[in-house]
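Both complexes below contain chain A, partnered by chain B and then by chain C.
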Partner chain A sequence: MKTRLSVLTVVILAVWGMKRYYADAGGDDLWWILKPTARLAGVMTGTAFAAAPGEGYFSRERLFLIEKSCAGINFMIAAFGMLAFALVHRAASVVSGARLLAVSVLASYVAAVLVNAVRIAIAIWLAAHPVALSTFTRAGVHRLEGIAVYFGGLMLLYELAQRFDRRAAPARSGR
Partner chain B sequence: MNGAVWSVMGRAFRRAAPPLAWYYAITLVLPVAHGAAQAGALFAEHALVVLVLPPALIVFACASREGVRMLATRARACWRRPPRHALS
Partner chain C sequence: MAEPPQAVAADEVPPREYIFVVDVSGSMNGFPLDTARTLMSDLVNVLRPADTFNVIVFADGSEAFSRVSVPATRANLTRALQFIGAKNGGGGTRLLDALARAVTVPRQPAVSRSIVLLTDGYIEADRDVLDFVRGQLDAANFFAFGIGSSVNRYLIEGVAHAGLGEPFIVTGPADAPDAAARLRRYIDTPVLTGIDVKFSGFDVYDVEPAKVPDLFASRPIIVFGKWRGPAAGSIEISGKTGRETYRASIAVTPQGADARHSALRHLWARTRIATLDDFGADRVDDDRVAEITSLGLTYGLLTRYTSFIAVQEIVRRTTDGAADVDQPLPLPAGVSDLAVGVTSGDEPGLLWVSTIALMLFACARLLHARRRQSGVAR
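Take a look at the complex of A and B:
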């Protein structure tokens, strides 16, 4: 119980800290998430994104900028908190608690890059096909798409985590 | 709406509660705590969209899933029913 409470405290502090870091960070500070996202989105859309110092990653061909607000940090923070809370019952010792935190950070980072690249690929497609959604402004469509993809990504990640948890539980008890 | 539909919706919302709670916490609660609400109407409009769209998506996904399931059940029933000339 004590270990779990400690893990939850660390998670809440980490969420707060990541949010603060994100608020103060510049485009260049977020290279660790912007670079793989830009590369993956580039592969998905067949577009080349080049680093734009101080801004992020820019595609001249599509006139699309992946900037700080597009970095997917909010998704990563939400995914990290969600995973850690969902799997906290696995933290029976300090070691398993640390492992849970590490796995949650890694999984949320990978999920953030993947989901954000999908979101950018869809945004680029929507920008190229504006007629079908002419009742909304371009910014409105971008916002709706962002919410739908991010929330859908969180749901998918949670389902995967639950499935993994259910599958791992009998194996653990059967040991 | 009948009880079965409400029950399906209830189950879907219970299942989606953790992702929904974390999504709201990061996109609404923490920004408000950091003073984002001072942006006024701009933030209020954004918050309204963020608040409404995820539950709407859950309802839409539920309705679509139930619709597909109903169609599949009917199609299966039609497939299994023997042709009339086979009965005579």
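Take a look at the complex of A and C:
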């Protein structure tokens, strides 16, 4: 119980730290997530994104900018928190707690790049083919698309985490 | 034309108030904001303790340094510069709101108020700003200082034109100190404030400008107008100097007419056309178009509706179907590609994403608990 509480405290501090880092970071500081996201979104849409110093990644052809506010850090923070809370019962010792944190960080990073690239690819398509919904503005449609993709992404991630948890549990009990 | 005296004694200068309207949007970072600070420091250094100043910064919104203007002391200047330094705005620049805020700062009577606009001019609704300046000429003197690698000259020259002054534009750091010093000299000596021009004993019409700003040592005031009927009566000018109330009367007589001044009618017509064309853009109607057209034809002047065009009546292109060709339009020097209608794929805020994650987590826990309950019941 004490280990789990310690892990959860670390999770909360890590979330707060990531949020602080994100608030102060510039476009160039976030290259570690913007670059793979832009590359993946570019592959999905056949768009070439070039680095725009201080801003992010820019497609001159589509006039589309992947900048700080599109980095997917919010998704990564939420995914990290969700994974850590969902799997915290596996933290029986300091080592397993540390492993859980490392896996959660890595999984949330990979998921953020993948899910955010999908979201951006759809956003690029929507920008080129505006959807006329009388109750939503263009920005509203964009937000709705983001929420829907993130919802699907988090649901999938949670399901994968549960499957991993179920598969790992019998193996551990069988040992 | 009201000409200022060649030399102005210090006690003739009325109390002065300067309100700096400073653009703090991202494009002003670097030498533009540094130049703005230099200009403010230079100006405050030559002011008297009785003079006052204020600062209004604008970007996405606007904010005032002080509710009322503060005495021009070194300590207040330092605080004002710190205030500017702490403001770093985002994209859109809401100049009109900032100017409206500047005009409504509470003012002392008989003070010559000058509003100094410091911006690169990347704003929305340029023409609304020019209309606003023109409508406030009797409330404040407006001066525009354009700073940046690619200043919006339309705005800066337009504000200068609307405010009956000269534009000041700096495009590189090397020119900035000289330009700031020239602007400071241009605006630091008001001579006559609260000016009123009355026409007595003759029928005057189409007077430009309708509202008269203050007279500065470096800026004469020119009032154009026409009259009907006999040339008899007087023009009364009044205002306040630093010492006293100033009054002058100019007699209007037929003997005063001078054939050598015949160009004045064309100057009047040009000024009238410029006023009709440049201001009140949202009120373009048939009467205005007819008036501009009539002035252009009567005085032989080029206008929006009358042009000197030679029409070639031989049709050279005989086949149908003209082809549209997209022409590349380069951006101004030093302006990022991102200045052009870029879409960015912002992700949903952390609140939204966290809510989704929490909902998922809660739903999964609930389902898990129900499954376990039903398993126990069986």
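We adopt the following convention: the second predicted complex is superposed on the first by the 170 of 175 C-alpha atoms of A that agree within 3 Å, B and C clash if a C-alpha of one lies under 4 Å from a C-alpha of the other, contacts with A are read in each partner's own complex, and residues count from 1 in each chain.
By definition in this document, contacts are C-beta pairs under 8 Å (C-beta built on N, C-alpha and C of every residue); 3 or more make two chains touch, one makes a residue touch a chain.
No experiment lies behind these values; they were computed from the predicted model shown.
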Joint occupancy of chain A by chain B and chain C, clash or fit: clash
First, second, both or neither for A:A123, with chain B first and chain C second: second
Touching partner for A:E55 - first (chain B), second (chain C), both, neither: second
First (chain B), second (chain C), both or neither touched by A:I66: second
Which of chain B and chain C A:H142 touches, first, second, both or neither: second
Contacts of A:A23 with chain B and chain C, given as first, second, both or neither: first
Partner, of chain C and chain B, that touches more residues belonging to chain A: C
Chain B versus chain C as contact partner of A:F151, first or second or both or neither: both
Residues of chain A at both interfaces, chain B in one complex, chain C in the other: 19, 74, 77-79, 81-82, 85-86, 143, 147, 150-151, 154-155, 158
Chain A-facing residues of chain B, complex: 16, 18-20, 22-23, 25-27, 30, 34, 46, 49-50, 53-54, 57
For the chain A and chain B complex, residues of the former touching the latter: 15-16, 19, 23, 74, 77-79, 81-82, 85-86, 143-144, 147-148, 150-152, 154-155, 157-158
Touch list for chain A against partner chain C, complex: 19, 52, 55, 58, 60, 62-67, 69-75, 77-79, 81-82, 85-86, 116, 119-120, 123-124, 127, 142-143, 146-147, 150-151, 154-155, 158, 162
List of chain C residues in touch with chain A within their complex: 336-338, 340-350, 352-354, 356-357, 360-361, 364
